[in-house]
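Next come two complexes, and both contain subunit A; in the first it sits with subunit B, in the second with subunit C.
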Partner chain A sequence: MAKINTAGVDTERVKERLDEHKTKMKLSLKACAHCTLCAESCFLYMARDKDPKYTPSYKFLNSIGLLYKKKGMVDKVTLGEIRDNVWERCALCTRCYCPLGINIPEMIALARSICREQGVYPRFDRE
Partner chain B sequence: MVKSKRKPVEEIKNSITDYSRILTVGCGGCASVCLAGGQREVNELNAELNVAFRADKQSKKLGSYTVERQCNMQFLIELDGKVKDYDCIVSMACGAGVQLMAERFPTVPVFPAVNTVSIGVDREIGMYEEKCRACGECVLAYTGGICPVTRCAKGVFNGPCGGTNRGKCEISQDIPCAWLDIYERLKSQNRLNDIMKLQEPMQWKNQVQRTTVQEPYEKRYYR
Partner chain C sequence: METSALFDFIRGPLAWISFIVFFLGLIFQFYRFFNLTKKNPHVIYNPRPRKKITGGSVQDFIKRASLSVFGVNPVMVIVTTVFHLCLIIAPVFLLAHNMLLKNAIGISLFSFSESFVDTLTVIFLFCGLFFLLRRILVARVRAITDWNDYFILFLATAPFITGYLAYHQTFADHYRLVISLHILAGELMLMAVPFTKFVHMVFFFVFRFVIESEYSLGKGDRTW
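Up next, the complex of A and B:
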């Protein structure tokens, strides 16, 4: 298996942050039935011709789910991909609805917080 | 979005000088977009405060954290475990965020680090222009999409006033007359009859704190 280049990422700290929220995160990830019922509650999903990448569950699974799966051992590129999912594809309007009661905005906010701590976040001072 | 500007470091320092453990909290919403109170600005402020306190030979513990939005209680919950380690909070959010933070932590003093300036638009990076005063009585439909409350020095609803002078405002030759711009815009759209529709004066008096409830939710909140 190829070794992950985690240079510039404090993986221990990422793991620490994940552990702080482990119970809720694990439960939320387990609870997601991939039913996609959350999709139509996302205005960005609707506005982007129902692009599946804008489905709230996709954004949640490909941010916090990814971090959890990799136990925090991620490189900068992966964090950049997560940034796209949780910032570029999500306005965090908190209007997404999950019939199983998963608090998707809370999970997205956690992913944002972890990325921000690692210096990966949108820069509004650049073109 | 809401536009804000950071206060001078001396002013912030003076407000927190009596406290030794200070948590600076940024906002990932509007304050972040207008480069006044996001993660980067939190780090910059703490670095400046550190230098300023050291110059005064004061030892302080300066913590930093940025939440997604300080105007939503859901995003303040994550601070619950952190705030107990600090004597005060410096909020880098707009006035709404500062007040919600103070509501969340009523026993901890909360100090603002930015001045909330306006509701505005992004002109260039780091340059923002006021566009709306949130007056609650939008007349843009009749004024060609130019706000007389924001743009006109007198905020007149039926203009121009007698002070308009060769396209400029009487208070300064550098300020274009909003009502001339409204006239030109309406004329170009062949809508000059709109300028003749008299608008009722704004009821500025007796204004109280406003709460917004969208129509589909009225049954939920109003009986």
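Up next, the complex of A and C:
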């Protein structure tokens, strides 16, 4: 397996943050049945021609789910991809509806917080 | 281990082990959930005032339903509801299972006719096929599908496929093998419930009824 270049990422801190919310995160990831019934509750999904990348569960699984799966051992590129999922594709309007009751916005907010700590966030003044 | 000894193990001790793992696993998950949450000391979040479900006209009910997930995805909601109802009703109220229960512990539940449960099994399998096709064909579902989703679907449908084959004696010459696979598939599914994605069976109720949220179906008086 190729070694991940974690330069510039405080992986210990990411892991620490994940551990703080480990049980709830694990339960939420496990409870997600990958049904995508949450899709239409996202106004961005509807506005972006039903692009699967805007499905709330996609954003949830490809942000906090990815961080959890990799146990915090992520590189800057991965954090950049997570940034796209939690900022560019999510307005955190908290209107997403999960039939199983998973608190998707809270998970997205956690991913945002972890990214922000690692210096990965939208720079509206530069971009 | 000889074949008959293996058969005896599958229908004997392993059945008890699977029931114990299933029930203890569920208790553990409930305990973990209540440990993680606390009674909400004050109302932080006031959900939208609820309208009474009963007493409304049919038009009101249809209007409410059309505004819910049912109105957005009616086919999926109907299929998933039927799937889950069959998943519970068919095995629990099957005459053969209840006879085994009576032999084992002396009590049994009400049983539906075998032909009715057979119909439920076929309906269940068609619903499973719908899920499989949806996973393969619908882009947004495919985007978040991994091998585990197929495995879980297989694990859920395997007891029903083998049960159907055993009941109809499709492979009459190998009946013992088919019934062994059926028992084994059922036991594996039971043991998997508390520790795999099947756990949504529990969390649907605790998340939707116990945790406070805008979409809470119950009191929602606990918080993380």
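We take it that the second predicted complex is superposed on the first by the 126 of 127 C-alpha atoms of A that agree within 3 Å, B and C clash if a C-alpha of one lies under 4 Å from a C-alpha of the other, contacts with A are read in each partner's own complex, and residues count from 1 in each chain.
By definition in this document, contacts are C-beta pairs under 8 Å (C-beta built on N, C-alpha and C of every residue); 3 or more make two chains touch, one makes a residue touch a chain.
Everything quoted here is computed from the prediction, not taken from an experiment.
Of the two partner chains placed by superposition, A:Asp10 touches none, neither subunit B nor subunit C. Comparing subunit B with subunit C, the partner in contact with more residues of subunit A is C.
Touch criterion met: A:Ser57 reaches subunit C, while subunit B stays clear of it. Once the two complexes are laid over each other on the shared chain, residue contacts for A:Asp125 go to subunit B alone; subunit C is not touched. In the superposition on chain A, contact of A:Arg116 is made with subunit B only, not with subunit C. When both complexes are overlaid on chain A, the residue A:Gly101 reaches subunit C alone and has no touch with subunit B.
Of the two partner chains placed around the shared chain by superposition, neither subunit B nor subunit C is touched by A:Glu81.
Residues 106 of subunit A touch subunit B in one complex and subunit C in the other. Residues 92, 94, 105-106, 109, 112-113, 116, 121, 123-127 of subunit A are the ones that touch subunit B when the two sit in their complex. Those residues of subunit A lying in contact with subunit C across their complex are 23-24, 27, 30-37, 39-41, 50, 52-53, 55, 57-58, 61, 97, 99-103, 106.
On the subunit B side of its complex with subunit A, the touching residues are 28, 32-35, 38-40, 66-69, 72, 74-75, 78, 125-126. Here subunit C touches subunit A in the complex through residues 32-33, 36, 69, 72-73, 76-77, 80, 138-145, 149, 196-197, 199-200, 203-204, 206-208, 211, 213, 215-216, 224, going by the rule given at the top.
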